[in-house]
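Next come two complexes built around chain A: one with chain B, the other with chain C.
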Partner chain A sequence: MDIFTSIRVASSALQANSIRLNTISSNLANIETTSTPEGGPYKRKSVYFQTTPLSFQEQLNANLRNGVQGVKVTEILEDTEPPKLVFKPDHPDANEEGYVAMPNINLLEEMVDMMNTTRAYESNTTTIKSAKKMALKALEIGR
Partner chain B sequence: MNTTPIASPGLPLAMPQSIGGETSQAREGFGEILLNTLNQVQQAELRGDRAIQKLHTGEARNLHEVMIATEEADMALRMLVQMRNKALEAYNEIMRLQV
Partner chain C sequence: MKTHSISDQSIALLKKVLDLRADNEKVIASNIANSETPGYAPARFSFEEELKSAVTSGLFSMETTHSTHFPLGSKNPADITGQIVTKKDSTGIGDQNSVSLEQEMLALSENQLLYEATAQLLNKKLSLRKYIIQGGQ
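Up next, the complex of A and B:
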């Protein structure tokens, strides 16, 4: 049933966006974390999206009709930017000169990212809703 | 929720076996199609049930997948109801034939 394809595509996007929100919440929670098990301050994480075929059948359809593909998070990347150095001599993680390496996370950036994620999630639920509406309209033909 | 699978009764709706020349090709009558659809709807509902159960036991991590499973079951059921309405309509139409 083709109407379910769009639902499944939107579902993959919902999944991807919830993972994205998870990474954002992790970034926000660790905005001032100066020590991690790997050593050094927390590094900002960002998701990496990639298109994905849903199943063999849908891959076939995609090739035939040139189109539908879901999305999935293939990797969660760590930021490579150097940490911010803040002068805090009494901090336990301070170096000899008294500087502490703080994670390079911009609160505003994260908030904007979060808004984007929320909107993306919303738009995909709207896709699901309209797919359902269309299916129900098709059923109304018989009435 | 417990649902038992639908047993296949001797369906009264089975089509007459052979009409004209083609015998083996179109043997699947409306009754069988209806039964198949019924089973598919049953499967969809079971999937929805399982999804809800998984959500309640904490096994399912994605709320949207549960919602989608239940929506699919809902749509399948609506489709089935429409088919049933159509079949009943046709039956009534025939019953109203003047003899």
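Up next, the complex of A and C:
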């Protein structure tokens, strides 16, 4: 028996979700950013989650095969949607017709995503707490 | 004649249950961790039925009188490994992830409670032994 496997699984999810929260906060911070070092307005970023096997030894455990998997962020994708054009002739980034390319970020979408991230993070901390309680209970045996 | 030792059948059974519940905890942790992973199919770890049949048949099992006889009935509780069943998303809506966080949290706390109950039973058993060893003092 290995108590730390479930804690490791949950902590992989904690890490993935904190990366997700970082990208969301970057999206929210740059919701009005019209110029970036790469040129053009800021593009919305989103994380991509993928399951990941924990360790070679875990794979060898035949009866739990593919049942126990962690999660990781494999890539951070940039949104391909075209920017929103807003008419602001006196803006420094405006084109000849007076339109400024604004990042195509939906504030509501980001907020909902943020709430989801918080819930996912919380549920994984609950898993860690539960695993810890179980381990402590096991330590009490024979006392 | 049966031999009496410090660790009897019910202690072995409780030990097995602790192991199986710890495995179940890992599987549930994996489901919760992947609750937002596209295409993830949650796994269920089941051993209860197997354990039940092993325990109930153990009471009325046929004795093997020769080492080459096949044991009748089911297996020894110690041989139970449990089974993993994954359930793929059948709705076809969204990201093909069929994890229900509510169900997983419920399974998590249920598993934890049953683990603690088992540990407590084991504890009581052992403290009874201790009491006897100390001559009931």
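Rule of thumb we're sticking to: the second predicted complex is superposed on the first by the 137 of 143 C-alpha atoms of A that agree within 3 Å, B and C clash if a C-alpha of one lies under 4 Å from a C-alpha of the other, contacts with A are read in each partner's own complex, and residues count from 1 in each chain.
The working rule: a contact is a pair of C-beta atoms (placed from the backbone, for glycine too) under 8 Å apart; a residue touches a chain by one contact, two chains touch by 3 or more.
Since we're looking at a predicted model, the values are computed, not measured.
Novice: Do chain B and chain C fit side by side on chain A in the superposed arrangement, or is it a clash?
Specialist: When both complexes are placed onto chain A, chain B and chain C end up side by side without any clash.
Novice: Quick check on the superposed pair: does A:Leu28 touch chain B, chain C, both, or neither? Answer first, second, both or neither.
Specialist: Neither chain B nor chain C is touched by A:Leu28.
Novice: One more residue to check, A:Lys132. First (chain B), second (chain C), both or neither?
Specialist: So A:Lys132 only meets chain B here.
Novice: For A:Ile76, is the partner it touches chain B (first), chain C (second), both, or none of the two (neither)?
Specialist: neither
Novice: Specify the partner with more touching residues on chain A, choosing between chain B and chain C.
Specialist: Counting residues of chain A touched by each partner, the higher count goes to C.
Novice: Touch check for A:Val86: first (chain B), second (chain C), both, or neither?
Specialist: Neither: A:Val86 stays clear of chain B and chain C.
Novice: For A:Ile19, using the defined touch cut-off, is the partner it touches chain B, chain C, both, or neither? Pick first, second, both or neither.
Specialist: neither
Novice: After superposition on the shared chain, which partner residues are touched by A:Ser6: those of chain B (first), chain C (second), both, or neither?
Specialist: A:Ser6: touches chain C, not chain B.
Novice: A:Asn116 in the overlay: touching chain B, chain C, both, or neither? Say first, second, both or neither.
Specialist: Touch status of A:Asn116: second partner only.
Novice: Could you state the shortest Cα distance, in Å, between chain B and chain C after the structures are superposed?
Specialist: 6
Novice: Across the two complexes, what residues of chain A are contacted by chain B and by chain C?
Specialist: In the superposed arrangement, which is not itself an observed complex, chain A uses residues 3, 7, 142-143 for both chain B and chain C.
Novice: Which bits of chain A are touching chain C when the two form their complex?
Specialist: Counting only chain A, the residues touching chain C are 1-3, 5-7, 9-10, 12-13, 16-17, 48-51, 63-71, 116, 119-120, 123-124, 126-127, 130-131, 133-134, 137-138, 140-143.
Novice: How about chain B: which of its residues touch chain A in the complex?
Specialist: Residues 62, 64-65, 68, 71-72, 75, 78-79, 82, 85-86 of chain B touch chain A in their complex.
Novice: Inside the complex, what are the residues of chain C that reach chain A?
Specialist: 18-19, 21-23, 25-30, 32-38, 40, 43, 45, 81-84, 86, 101, 104-105, 108-109, 111-112, 115-116, 119-120, 122-123, 126
Novice: So in the complex, which bits of chain A are touching chain B?
Specialist: 3-4, 7-8, 11, 14-15, 18, 125, 128, 132, 135-136, 139, 142-143
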